[in-house]
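Next come two complexes built around subunit A: one with subunit B, the other with subunit C.
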Partner chain A sequence: MIEIASSLVRALQSGALYALMAIGLTLTLAILKIPNIAHAEYVTVGGYVSFYLINFAGFPLWQTVLPAFIFSGVVAVLSYLAVFRPLKTRKVSMFILMVASFAVSLIIRYSIYTIVAAANWGFGVKPKVVTNVVFRIAGIPITDILLMVLPITVVVTVTLYLFMIKTLQGKQMRAVADDPDLAVVSGINVDNVAVLTFFISGGLAGLAGAFWVVFTHAHPDIGLEALIRIIAASALGGFISYPGTLIGAFIVTLAENTVMDILNRNFGLSLALKPLMPMIITIVILVLRPAGITGLFSRQPRGRVAR
Partner chain B sequence: MDFNQLISIIVSTANFYAIWLILSLSLNYEYGYTGILNFGKVLFFSLGAYSSGFLAANLANIMAGVSFDICSVEAVQLRLDLAKAVPQLPLLVFVASLIMGAALSAAVAYLLYISTSRIKEGFVLGIILLSAGETSRIVVRNYEPVVCGYHGLVGIPNPYTAAGDPTSASFLLSITIWVIAGVAFLFINKLTATPYGRKLKAIRDNELAADIYGKKPSHERRKVLMIGSAMAGVAGVLYAYYLGFVAADDFTSLKTFDIWVAVMLGGVGNHLGAVTGSLVVTLIDRGTRVLRVFLANLSIPLETLYLRWIIVGVLMLLILMYRPAGIIPEKSIKTLGLLRIIERIKREKT
Partner chain C sequence: MTKGISSYAVAAVAVIMLLAGLGLGALVGPSISPPINQTVTVTTGGQVVTSTVTQTSIVTTTLTAQAQTKEYTIGFAYELTGAQASFGNDMKDAGLLAVAEANALLEKSGYPVRFKTVVEDTASTPEGTVRAVQSLVENHRASIIVGPISSLGVAAVKGYLDQKQVVLVSCCSTAVTLKLPNDFIFRVIASADVQGKALSRSVLAEGFRKAVVIYRAEAFGESLFREFKKDFESAGGTVIGVPYQPDQSDYTAEVAKLSEEVRRSGPAETAVVAVSFQTDGLLILGEARLDETLSNVRWFGINTFRVPAFLPPQAPAEIADFMVKVSLTSSYTAPPNNPRYFAFLESFEKMHGRKAGPQAELGYDAAWVAILTILSAGTDAGQVLRDTVIPTARKYMGASGHIWMDEAGDRAIQDYTISRIIKEGDSYKWIDIAFYDASGNTVNPLTR
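And then the complex of A and B:
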């Protein structure tokens, strides 16, 4: 019982990180209509910023969060300015944007490979972070990283939600998501909105990456490994819904960790099949509820972003 | 570099080119003709490779009536011994793998297509295919029973063991690969030079109009995806037999990207484009590997394998921005009716 409970706690903390990663993908997709595969690489960028600061500059983990956020956000904005904006002004289709984002993801990933190989940091090195068990609730260990991850995730998601519904910029973003042409007519600078969206989504991915690298190891492929969960979480939100993505991330991690743990314990299913779970969930959701899980609660055929 | 080495480099480049050509033709058929965003090409490619590895390993066990672990050294030895003892067997297994690879790929394509068929946006299918490709790679890498997980499955026997010496056997295999690539080229060419090909282009250009004319876009796309995936499965079987080795980490989404570069570079919706593009991509791929060995001999610390992907990515972006039509742009189709109309207009002018 304790194993299952502690696996639930672990699912909670990785679910929070996947939620942060997936929100960015949903935001760019819902607001700018860019299926940005390169989003996974922003996670890697954030992870490496955190890894570098911890291992080579002696920073504690919590201080690396802000630099990772800013650095990944800047990389995301640069990828928008260099690639997606020129393509958007050429009025290319969404397919071409996706192909371009594929290219961007390769360029970023292999630039990281080159840098890591040149600087001789080594592949798959663990960051020097010591995880302490702060206290136990009924025998379930609660680590200090969990106590850091959860509040930051909650604060960030609530702030982003308030930002989307209260501030002018947030309203502009939602307006662009609803109808870009109408937004332009209403005097909204769509370009600024796009830059802001990319900064936020890239920054969130980087923030998640800063923690993610502690759970796994520093390798240029960590973003790629997370991509299938990000996509599954986003698909559960119908690729457009903010709360749907949040819930989706937790469902995916729960199914991947806790459910597979139980199946492994009771039915002897190999744990190597774990990554199949996000895929199965995605396909089941797409067959049953193409609009995502939030579509369960609304009568509209499609939900909308940040509602 | 002596003469034999040069010959072997040329032959292996030609083999890889033939395999890449089959993949590019199938992607061109899917994306260039029908507008399916197939980002999971490597999934179907890998399914062909896995099925040939799986069949070769397990059939050898069944034939010999033993139950070795397929990854063990004994099992590898058994496969090679059995191929020597019964020289016709590997050819049969090869043909069976071709059929199984094609069928399995088509079946998975069907399942993935119908799972997203309720969604109008085409990019969702692309994302799902991409995700499926990565998922299958990670699962197969960690799950031993398919192709031995991380270490990969070695000792897939050459199908032409009956020919005697290894050189002529591998030469026969190369000829088989080229013949299959040629057949794939002719097949796709004939298939799309018909009213059917024009129907596919109509679906790509304007789905609503095609639907109104009764062309069933969703149905046609599903068929195209299945045929294209079956071709990719065949390519995967050839790849596995050519290398004699299958490992999951060979099938990352980088392979998909290579094929996309081939199609976009050569020219979308035009088979000569796929032929040219895959030639360029094969030359880049083989060239960087040769260059790497060359640089290592000169002890220059430049990792061309990483640089190669950055170059290919930038190349792709440049194509998308400055030459979206590719090297050989798509030409409008000249049907007999169209030619007749053009002739009449010319006659009326004079």
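And then the complex of A and C:
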């Protein structure tokens, strides 16, 4: 029983991080209809900003969070301005946008590879700040990362929700998501909305990366490794709902931790099969329920941003 | 008249002199060419770096020998980035030393053969190894491949190399599944059956009869686990395995499972054995230090844990402190401590400006076996090289000792040194505590 509770706590920690990563992907997809595979690289960018500030500037982890958010946000905006905006202007298909995002992803990743190699930072290096146990409940360790990540995820989600429904920019984003042509006719500057969406999306990924790099290690592939989980979480949210994505992220980590634990314990299924879980979830959702879990709770038509 | 004849004679002599001069120039030209250059091409993380090393030694070879100098390409496929980068860079540099030494000797003796090296990065992945080896064989026409470290990498290219009939000499691959006669794969290290026994005996020697092994679920890890389990259980012990998929960024579930198995087995009498590489090893130790049970049991590990990447300044001090707390004990191939080994250490430092890492002598010996095989065969025909490797290696006394290869092309005899990490002041160091004698399958404490 303790083991199951322990795996639930682990799922909570990883789930919060995957949620931060995945919400951005859902935002760009729901609002701009851009399936941005390069989103995973913004996680890596944020991770390296945090790694650099911790290891070479002596920053504590919490002070790296804002720079990671801003830097990743800027990289995301640059990728929009350089690649996605010209393609959107030409009204290319989503397939072309996705292929372009693969290219952007590779360019960012190999740029990071080049920088890391040139700076001789090493690959797979642990940042000098490590996770620590703050207290234990019935022997289950509660770490400082969990205590930071969980409230931040909740605050970010609530803030984003309020931003979307209360502010002018949020309403404009929803308007663009509903009908970009009508939004233009209504006087909304779609380009500004796109820049803001990319900044928030990339920033959230970078924020997650800042924590993720401490949880794991600094490597140009950390975003790529998380990509399938990000897609699985977004798929569970039907690729349009960010509360759905949030819940999806926790489902993915529950499957990876708790469900795998139960399967291992009761059926002897090897834990080496753990990485298959997000892939199975993604395929099952895409085949059986493309609308994700969101459709289970609302009658909202597909293609609209759920609130 | 006399003047006219004289003019023709002068013209004829001039033409003859010109032709003779051209002929002589063609013969002598190569021998008075600039100093010989050794070109080393390294591909790392998608970047190609070509450097030219100028050899300043005096050329004393004959005209005939210089005119017919044959150049063979030795392809190095090593883990320059990724989970085994620390080892890979050391092995590559040790191999470059061997080639530089061989070229200097050949040049001095006037023997008309030279070796060129091309280095490709496997990125510590099977896919990267396939790309690296294919590039070496197809783009660079490598006569022989040296490396990689990983059994997973060797397994990934075995079929391709057998089909292309290109010999590979690995410094460090130990998977038992690759122990096959009549193929093109050779290894200057004993396979995992010996390493597994050494690890098993080092745990038994400390009085443990129960072990929980967390291991990489791939060729190397599974081989080692199997051999460890066989030997440990033959001595009356019990073994539980916790396999994990390598190249993940999160091992919390696996570490939790490890902890649970240790608790179930009884922490006081159970040893934890980690069969991990650099990246996954760091993540597992980083997670294990948060676990109360795993922080209070004795840990054993393979040679990987001895690389500097696990210690400050490369790793957080908390991880090194954890290693000290659990008295992490690691077994590694015992260096022979003979003049050849010490000469290697000295030459390595002289050439690269840093000390050789653990087991770098195996990279040096792998390259020398490749060089001597080509020289013995006198050709780079794959079949001939394959038939020449074993007899050549058996006559070679390397920096890692005598490389007596068995019929499968693997080193047959390998002793191990067992060491434990300690902390002295603010620094961490490995101290040798025992010696594994492969011939008797026994562990003998070192006396000092």
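Following the convention adopted for this analysis, the second predicted complex is superposed on the first by the 302 of 307 C-alpha atoms of A that agree within 3 Å, B and C clash if a C-alpha of one lies under 4 Å from a C-alpha of the other, contacts with A are read in each partner's own complex, and residues count from 1 in each chain.
The rule is simple: contacts are C-beta pairs under 8 Å (C-beta built on N, C-alpha and C of every residue); 3 or more make two chains touch, one makes a residue touch a chain.
As the structure is a computational prediction, the values presented were derived from the model and not from experiment.
**Student:** Using the overlay on subunit A, decide if subunit B and subunit C clash or can fit next to each other.
**Tutor:** Overlaying the two complexes on subunit A (C-alpha atoms) leaves subunit C and subunit B clashing.
**Student:** Based on the superposed arrangement, let me know which partner A:F215 touches: subunit B (first), subunit C (second), both, or neither?
**Tutor:** Once the two structures are laid over each other on A, A:F215 reaches subunit C alone.
**Student:** Is A:T131 contacted by the first partner subunit B, the second partner subunit C, both or neither?
**Tutor:** A:T131 contacts subunit C only, not subunit B.
**Student:** Check the residue A:A100 against both partner chains and state whether it touches subunit B (first), subunit C (second), both, or neither.
**Tutor:** first
**Student:** State whether A:Y113 touches subunit B only (first), subunit C only (second), both chains, or neither.
**Tutor:** both
**Student:** Which holds for A:E256: it touches subunit B only (first), subunit C only (second), both, or neither?
**Tutor:** second
**Student:** Mind working out whether A:F84 is in touch with subunit B, subunit C, both or neither, as first, second, both or neither?
**Tutor:** Once the two structures are laid over each other on A, A:F84 reaches no partner at all.
**Student:** Per the contact definition in the header, classify A:E3: touching subunit B only (first), subunit C only (second), both, or neither.
**Tutor:** Touch partner of A:E3: subunit C, not subunit B.
**Student:** Go through the superposed model and pick first if A:F51 touches only subunit B, second if only subunit C, both, or neither.
**Tutor:** neither
**Student:** Taking the superposition on A as described, I'd like to know which of subunit B and subunit C A:A232 touches: first, second, both or neither.
**Tutor:** first
**Student:** Show me the subunit A residues, by the header's touch rule, that subunit B contacts in one structure and subunit C contacts in the other.
**Tutor:** 110, 113-114, 117, 225, 270, 272-273, 275
**Student:** Would you tell me which residues of subunit A are touching subunit B in their complex?
**Tutor:** Contact set of subunit A toward subunit B: 35, 37, 83, 86-87, 90, 92, 94-96, 98-100, 102-104, 106-107, 109-111, 113-114, 117, 224-225, 227-228, 231-232, 235, 239, 270, 272-273, 275-276, 278-279, 282-283, 286-287, 290.
**Student:** For the complex, which residues does subunit B have touching subunit A?
**Tutor:** 31, 35, 37, 39, 112, 114-116, 118-119, 121-124, 126-128, 130-132, 134-135, 138-139, 142-144, 149, 252-254, 257, 260, 264, 303, 306-307, 309-310, 312-314, 316-317, 320-321, 324
**Student:** In their complex, what parts of subunit C are in touch with subunit A?
**Tutor:** 44-47, 81-83, 85, 217, 242-245, 247-250, 252-254, 256-257, 260, 278-279, 282-283, 286, 289-292, 309, 314-316, 318-319
**Student:** For subunit A, which residues are in contact with subunit C within the complex?
**Tutor:** 3, 6-7, 10, 13-14, 110, 113-114, 116-117, 122-133, 136, 139, 141, 143, 212, 215-217, 219, 222, 225-226, 256-257, 260-261, 264, 270-275
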